[in-house]
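When the chains are written out, they are named A, B and C in that same order, and each has its own residue count from 1.
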Amino acid sequence: MNQALLVAKNLSRRKLRTLLMLVAIFIAFFLYGALECFDHAFHASETAAAADRLVTVNRINFTMPLPINYADRVRQVAGVKDVTYQSWFGGYYQDPKVPLFMFAVEPASYLAVYPAIQMAPEQRKAWLSNHTALAVGKKTAAQYNWKVGDRIPIKSNIYSRKDGAAAWEFDIAAIFSDPDETARENLVLMRFDNFNEAVTFGRDQVNMLVFSTSSNKLNDSVAKAVDALFANSEAETTTDTAAAFNRAFAAQLGNIALIVTLVVATAFAAILMIVGNTLVMSVRERTREIGVLKTLGFRGSTILSQILAESLLLAILGALLGLLVAAGAVAVVGRNIAGFGDTMRMTSGIFVGGLGWAVLLGLVTGAIPAWSAMRLQIAVALGRK
Amino acid sequence: MADPFSFQLRHVSKRFVKGKETITIFDGLDLDIPAGDFVAIMGPSGSGKTTLLNLLGGIDHVTSGEILFDGRRVDTLSENQLSAWRAANVGFIFQFYNLMPVLTAAQNVELPLLLTKLGRKERRTNVATALELVGLSDRASHYPREMSGGQQQRVAIARAIVSDPQVLLCDEPTGDLDRTTADEVLGILQLLNREHGKTIVVVTHDPEVARYTKRTLHLNKGVFVERTALA
Amino acid sequence: MSTLVSQVTAIAAMNIKSIPQRLWMSLSTVVAIALVVAVLLAFLAMGNGFRQAQASAGAADIAILLRDGAQTEINSAVTREQADLVEEGPGIAREDGRALVSAELYVIVDGVSRSSHLRANLPLRGLPLAGVDLRHNVRIASGRMFRPGTAEIVVGRSVTREFEGFDLGKTLRLGQSVWTIVGVFEDGGTVRESELWGDVGVVQSVFKRQNFFQTIRVRLQSAASLPALKAYVDNDPRLKLVVETEAEYFAEQAKQSGDLIQKLGWPLAIIMAIGALAGALNTMYSSVASRSTEIATLRAIGFGRIPTFAGTLAEALALAALGGVVGVIAATLLFQGYTASTLSANFTQVVFTFKVTPALCVSALVLALVVGVIGGIFPALRAARQPIVGMLGEQ
């Protein structure tokens, strides 16, 4: 036996009580893990976006169109590397309430601006040459069980076809992956020329330009140059890094980070009180034993560290369980809900952060009982019932 | 060279304040306890017996006066020093045994050894020896709740002697036991005194204790009356 | 002590009066439950407020027509020809011989949120003055209505409050045009207060959408006139439009969004409640343990098992009820009327306020009481089954 065993034994003294405290701690850290992962996934697009990528949209609002010739004009600006454009299609497959992440894009320049996209060479060729070709990210393809060569009808809730057909017919030419930004694997990409010739309105107009610069340091000046180019024209622009653009968009949904922080703080406050009080009670029940240990010669500081070890053990054990289960739950959710991709998973940062909080929790809940046990006078302890 | 006296109390006073009153337990008490002594301290409730025991064990502090152990002052030691001194020199035995319910007999006895630098094997050997001395080797892995009062007290004795301290301080060791069991326990104490030379101080109400001890001190209102033991 | 009721009352009272002996433990349970209730109520109030801002906007005697397949105004497209055809339809109220019809445009412009200082989507609605009349509860709070044919706009009260640069008298530059804000309107806190309104003709020309609209609103002769108009529209192949009352349209919008928030709130609250339950069980078990002598004495005197059970359960329920009430009060004080905004299905910001209602308070309290019941039953069983012998006068 050693002092560690003594600590463990003290926890097993009242098994039900220890179990209940573990449950409370487990719940708090499960919530911490799950909510922080959600928050992280939610903001992931802000950090994942490549640092050298800029986005140009209509200054009035990004839902307003830009003339397609802007792409060529931006290409001429010094510091700009590759330029592409895209328009939101508003497409859905069978269920109008479930939108696809679908854009009309120019294939060759799109692949140049997003070099991390991986596509088999013959699929790439098909997409670049076939008019009704569709390139589908592998997550969406898996979700709908689509394969290369399938013919898929997709409807749009924004655009109508000139020929009056209700649905747009596509041939799936390519299924791609993007190891750098796995959220991109949710996209469905049609060809812009296909889109442009069939729509009843909005011809030769695009939602946004996306381009890369030759160096991050130039981002600011290039952005200003692009906007200056179109100032005082009919469609004035505003250019930002992709990350900033994503951040502003995410912020429109609400201050998610604040909500997560508040909920997690509430959970921690609740268990702090519960565990703290239970520990005080548990130590008080052992008053006489503590007195006896002191008569045996155990120092006050040793008793203090024993009790702190108890509260730390409890906190870390509960936290580990909570974080592990949260990791599992988050993985399941991430697999089944489109749109998050690999961002919906437990990160080492969140895990380690959780353990850090566990240590703090253990110290805070154990502080008062440990301190009073240390200061307990032997004569009083032995005399107390 | 060992000092002839285990304990020497010089002009010890113990007072404490309760509300508006000051209560005096001892006022200028002197006491010598030679090494190897086996002394019973008796007296009515409130006479200060337990306080005296607590002072000897460094659990309580004098208001004034000196306490010497082996010729050196212990009343001036710091808490940490007292802890170390106790671990090395004193074993306690209480009326209600005070064993840890979550530990087995062997683990309870092992507790004081955790304060030493002994390795696991040595600790186990010492524990076995102590348990054998009190006749409970076969109960080593039992929990206190599985044992009778007498057995628990013997485990407590084993715990008190496992570090081989010079002194044993006992507070009503037989207070909760029936006559037969009490005699067994007192017999063990006598053995520890006669064959192992331990200095033993017993605070008790039990008049039969006098048959085992070398001398008996009667304490009344903080003052001693000594009566020599018969035979 | 002859009747069961008086026994139960007596023991319940003793249990509850003894709570101060276990003050801190009991307090921690009350606080934990209060926190759970407060979080739940906050989410419910949020969902409710968001839903109300939209649901209360719709009138039953106004019909709204959208392109078939468009779920929301922003996705819809209606031509001048279609608008003219609709005007001939049956069931439409008329004034001075003119049909009360409003063909409207819905475009999105950028605003800057006062709280986040980031860009936000705001709706600019181009509508004729006739369209303003179709919104029954709209009043000008300050300034005046825009004049047709000019680049004047009025903004909803929520827009002024939550976004920068939309105060009365300020100008707005959109594209090549400069617009002046000449009035602020209010509409009872509905989603309309999050809109900017301008003359439809001017909006069309600035945004190059001539002869192009997104929705048509129509004043029906009565709510019962809808089917006739619907039949007329369905029968004309040139009118591929969906016809529904404004009330139906907004109710549908509201349901989708409000539901989501509530779907988040309840699971969250239940998970937290499990944690609070662990705390409650702990408190109650320790309560039973610390009073074991008392319980044994009562049983020895002659009190039955049922009152013993009921007494402990009553203690648990009292703590839970207290926690629930504290949580409800705290949430109401903190959140009632709190203004927030988020993205609607139309892709624009909807400003809403948290709305706590008595019904929501009741559902939150129910959660607290459920925790109290479960947290009390098992310890109560233990108290009732506790043996008398061996528990009297002993630690």
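Basically, a contact is a pair of C-beta atoms (placed from the backbone, for glycine too) under 8 Å apart; a residue touches a chain by one contact, two chains touch by 3 or more.
Note that the structure is predicted; figures quoted are calculated from it, not measured.
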{"item": "Touch-based graph of the chains, sorted into line, ring, star, complete or other", "value": "line"}
{"item": "Central subunit by CA centre of mass proxy", "value": "A"}
{"item": "Chains most often in contact, by C-beta pairs", "value": "A-C"}
{"item": "Approximate Å spacing (C-alpha centroids) for the pair subunit A, subunit C", "value": "26"}
{"item": "Interchain centroid distance [CA atoms averaged], subunit A/subunit B, Å", "value": "65"}
{"item": "Separation of subunit B from subunit C, taking each centre as the mean of its C-alpha atoms, in whole Å", "value": "72"}
{"item": "Residues of subunit A defined as touching subunit C within the complex", "value": "16-17, 20-21, 23-24, 27-28, 30-31, 59-61, 63-64, 90, 96-97, 155, 157-158, 160, 201, 232, 234-236, 247-248, 251-255, 263, 266-267, 269-271, 273-274, 276-278, 280-281, 385"}
{"item": "Sites on subunit C touched by subunit A in the complex", "value": "24-25, 27-29, 31-32, 35-36, 38-39, 67, 69-71, 74-75, 77, 107-110, 113, 115-116, 118-121, 174-176, 207-208, 212, 256, 268, 271-272, 274-276, 278-279, 281-282, 285-286, 340-343, 347, 349, 395"}
{"item": "Contact footprint of subunit A on subunit B as seen in their complex", "value": "54, 57, 59-60, 79-80, 83-88, 90, 92, 94, 98, 100-103, 107, 110-112, 114-115, 159"}
{"item": "Parts of subunit A lying in touch with subunit B, wherever the complex brings them together", "value": "1-3, 5-6, 9-10, 12-13, 288-289, 292-301, 378-379, 382"}
